[in-house]
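A, B, C, D and E are the chain letters, set down in written order, and residue numbers restart from 1 in every chain.
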Amino acid sequence: MPPALAFLANPDRFMAFSRWAAPMFGILAVVLACAGLWLGFTAPEDYQQGDTVRIMFIHVPAAYMATFVYVCLAGASFLSLVFRHALADAAAKAAAPLGAVFTALALITGSLWGAPMWGTWWVWDARLTSVLVLFLFYLAYIALRGAIDDEARSARAGAILALVGAINLPVVKFSVDWWNSLHQGASVFRADGPTMSAVYLWPLGLMALAYTAAFGSLWLVRIRAEVWKKRAGAAALAAAVF
Amino acid sequence: MSRLLALLRRETALAWGGGGGPLVAVGFYAGVVTMLPLAIGPDLERLAGIAPAAAFVALALASLLSLERMFERDYEDGALDLLTLSPTPLEAVAAIKSIAQWIAAGAPLAIAAPIAAIALGASPQHAGLTFVTAALGGLAFAFVGGTGAALALGARRGALLTAVIVLPLFAPPVIFGAGALQAAANGLAWTSGLLLLAGYTLAAAALGPVAMAAACRNALS
Amino acid sequence: MSRLLALLRRETALAWGGGGGPLVAVGFYAGVVTMLPLAIGPDLERLAGIAPAAAFVALALASLLSLERMFERDYEDGALDLLTLSPTPLEAVAAIKSIAQWIAAGAPLAIAAPIAAIALGASPQHAGLTFVTAALGGLAFAFVGGTGAALALGARRGALLTAVIVLPLFAPPVIFGAGALQAAANGLAWTSGLLLLAGYTLAAAALGPVAMAAACRNALS
Amino acid sequence: MSLSALHIEALALRRGERLLFERLDLDLAAGEAVALTGANGSGKTSLLRAIAGLIRPEAGAIRFGGAGPDDARAEHLHLLGHQDGLKPHRLARDELAFQAAWAGGARLDAAIDRLALAPLLDLEVRRLSAGQRRRLALARLIAAPRPLWLLDEPMAPLDAAWRARFGEVMAEHLAGGGLILAAVHDPLPIPARDLELAA
Amino acid sequence: MSLSALHIEALALRRGERLLFERLDLDLAAGEAVALTGANGSGKTSLLRAIAGLIRPEAGAIRFGGAGPDDARAEHLHLLGHQDGLKPHRLARDELAFQAAWAGGARLDAAIDRLALAPLLDLEVRRLSAGQRRRLALARLIAAPRPLWLLDEPMAPLDAAWRARFGEVMAEHLAGGGLILAAVHDPLPIPARDLELAA
């Protein structure tokens, strides 16, 4: 294990660290989001897209977070599988719903954007499809975890699924790309010419950082909740007489 | 009455599958609906043409998938014995099982159906019709499917035998339901399709439980 | 060796489901393939357009239907305990189970696939390709599906949970396989699709058993 | 308890091609217990299932004192077989609640108390040990009082302490006018007549 | 038979949140039988499964004399649990053939002979009576000779005659250098040491 992780692997040290880190990340996220949104809403309208271009500042970071959270989920799952570490599992379990929310956000904002831009809510293009499959993966992970009562077994089954998904997701991405290149459909909307001038790039970057910080904060909070739940469960069991 | 409620609660829980509940059902549906465009390719027009039909077929398959649990587990683990030893007639038990099946799978899927159809490119203006059709169709699938599941009891078979018994019986609701949706999409009259579907569902609800009860008694003896 | 053969024989018999065997599998397939045109209506051109894709999706769904039996029964009735107490590693058991699954469902369906596609209006000249693609795809579905089935072991779930886990894993073979068929139908190059499908199948066959064995051990513990 | 007796007359049962037994007679009155013995495969389980109406006799009659056969089977008897009908993946609490409600039982708390089920209720059935699971299955006998108990090897997985306690439960049931017909390989812990099926 | 002993040292087992037992020691040598007793839920089944490597001990060691643990579990022990792994809808013949082949057994005929299974072979497993089904499950012990037998209430559904006969089978196994650890609620019909798990 890398030293930073090894340091945090101790639950007490983790709880001490996350106790102040979670709110710090939260404040950071709010500040960054305010700055990003301010810059975003004062940026000039796009000459083609008009005001709708501003959806980008919500949408693109959400799409980026969707993948980033999965990387976190898979990493935590790997640690939980190899070291049988409860904290790593709590991290994996806590990450999944957050990832699902970010993915749903990317899908919804994308759809909202697509309606005015493409004249349709949805097209089966490579990017969209692979995001949808990613969303299904999150749902599968959550459903699997929810359906196994025993903590240890639920953890291992979830970890195996997350790792299988980590192998499969690049294949999905690559396969939809391949499939799309075969059928040049009416779906190559990725004209990122004028969209990416600096006036857009700055707020976009800030929003991406804000999302990341928000994720960091929420993740820590949820991991803490998991740890507490486990401790409460152990205490209740100790109190119960068999 | 409290007996019927207890049974309904148990059956719904069993059909629901504990964990994810409607999430799982809808996730499956979403998966099936995703697979079709993956296979067909992103040609919008072609997709929109088959959208309501595909949503309906996916509904049928989702119903099919959950059938095996309706009677077989109870048969193999002895719970079916208990279910017969009660003042509640076995016909009522069968009807409740079918309704629970619908609550756990059919209803969430009916809610998801319009969304799926729209995702595949169908026009949103028929969302209401899609919902009603899917809800009725799901009920028909539950009663008809239960009959197939009960008949396959005790046969040395598999889910596949149930499927083979059930698929021909699934054909009319698929034709009526998807036909109504297709007609609505083309601006034609769809009421007759819907009425036929409702009639079939009613008939299934009336006859299904009798057939199921007879098949169960036969398997037990 | 005789141990592996005995296992293969048992697993095939269990997957086969006793009764009708391939007849049943093919009947199911035929049912799905007929249902789609019933739902879409007899528009020939539209049908021919989606024929190979529909055949492939039907194959995926048929594979899905038989997954539940792969591990769950053995888990609940104690047979999985026996299967672990043997010099044969659990990984090999998982691989054999997947292969048996393919023999009982995938292979008959692969033989039926070209016929189904032609019935839906595809050109007969690609029958060979359809067969090979379906056979490879079925193998991938068996290994990948087995992984999902093993993961769902011990969960309070249902066939639906397996389906939800498995469907995203089914996406690449569906895309590659149906894509190759679609390309061939349009006179485009289809070799790359077939190669990618073969690659995915190979990878699934290599990694699937490891994941299945790990999931089974986890469920037993 | 409106069932006062069980009368079996000249009963013959067939399974597949095999005639299990012929001309079997049995009279069981309120307050009586009969231990049904016989070699493996002699038809004990089949007899219990025939009384419960699950299999149709080849010949002979099964009558209940004080109730018609349909009524008796619907409301006045419990059948506890080798198979207990408990779902491995459900919580013991849920299964117990359902089985009791289904049998029309209102005395759930008494059953939980009597069989010490409280600590088991939050476990999945598959996690229970064999004896714990049997106790769970026995609960409906207490939760839903019905006069005739048809028990198929009820005590095999129970430990000595629980065998004794279940003996007390049976004795009370008999004292209250109940009837017990139990297929067993070991003697019952209560006074009981013997009915042996010849193989 | 290349397994000469079973050594268990300071074993602790946990199921869910519950510690079943701690510091359990057991030495079993060739030719010896131990009757594992204890109240319901005391951990007999769990102990047998831990020895078979199906559940991971919380602490302590399980060692086999004459073979590494993986080898011993793969080739030198039989586990016969509450669950027998027989499929209800398959023919007894097919299930028997598979279980024997899977355990590497060549003595199928001897097993059929010894357990009088011949008349049952053409029935589906679900048609067998409880005792007949248990006999079918026992067959692999004879068909595939392995030194260590882990038996979980092996004789509960058997009738008196079959209990005696299976006693003979166990005695022969011990005489041939076998080892038997059997979880039971009734005394074993062979001389055996007792190991009681405290609840």
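By our rule, a contact is a pair of C-beta atoms (placed from the backbone, for glycine too) under 8 Å apart; a residue touches a chain by one contact, two chains touch by 3 or more.
What you see is a predicted model; the values in this text were computed from it and never measured.
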Partition of the remaining chains by touching, absent chain D: one piece
Reference chain A; chain at largest CA-centroid distance: D
Label of the chain whose CA centroid is most distant from the centroid of chain C: D
Two chains sharing the most C-beta contacts: B-C
Separation of mean Cα positions, chain D and chain C [Å, integer]: 45
Centroid distance [mean C-alpha coordinates] between chain D and chain B, Å: 37
Length of the line joining the C-alpha centres of chain A and chain E, rounded to whole Å: 50
Chain B: positions in contact with at least two other chains: 17-20, 24, 27, 31, 34, 38, 41, 76, 156-157
Residues of chain A engaged with two or more neighbouring chains: 133, 136, 139-140, 143-144, 147-150, 176, 179, 182-183, 242
Multi-chain contact residues (two or more partners), chain D: 82, 89-90, 124
Residue numbers on chain D that touch chain E, as the complex places them: 15-16, 38-41, 44-45, 82, 123, 127-132, 135, 152-153, 156-163, 185-186
Touching residues on chain B, where the partner in the complex is chain D: 2-3, 6-7, 9-10, 13-14, 18, 73-74, 76-87, 220-221
Residue ranges of chain A in contact with chain B within the complex: 120-125, 129, 132-133, 136, 139-140, 142-144, 146-148, 176, 179-180, 182-183, 185-187
Chain C partner contacts - residues on chain B that touch it in the complex: 15-20, 24-25, 27-28, 31-32, 34-36, 38-41, 46, 49-50, 52-54, 56-57, 60-62, 64-66, 68-69, 105, 155-161, 163-164, 167-168, 170-171, 174-175, 178-179, 182
Parts of chain D lying in touch with chain B, wherever the complex brings them together: 49, 52-56, 73-75, 77-79, 81-87, 89-90, 94, 97-99, 101-104
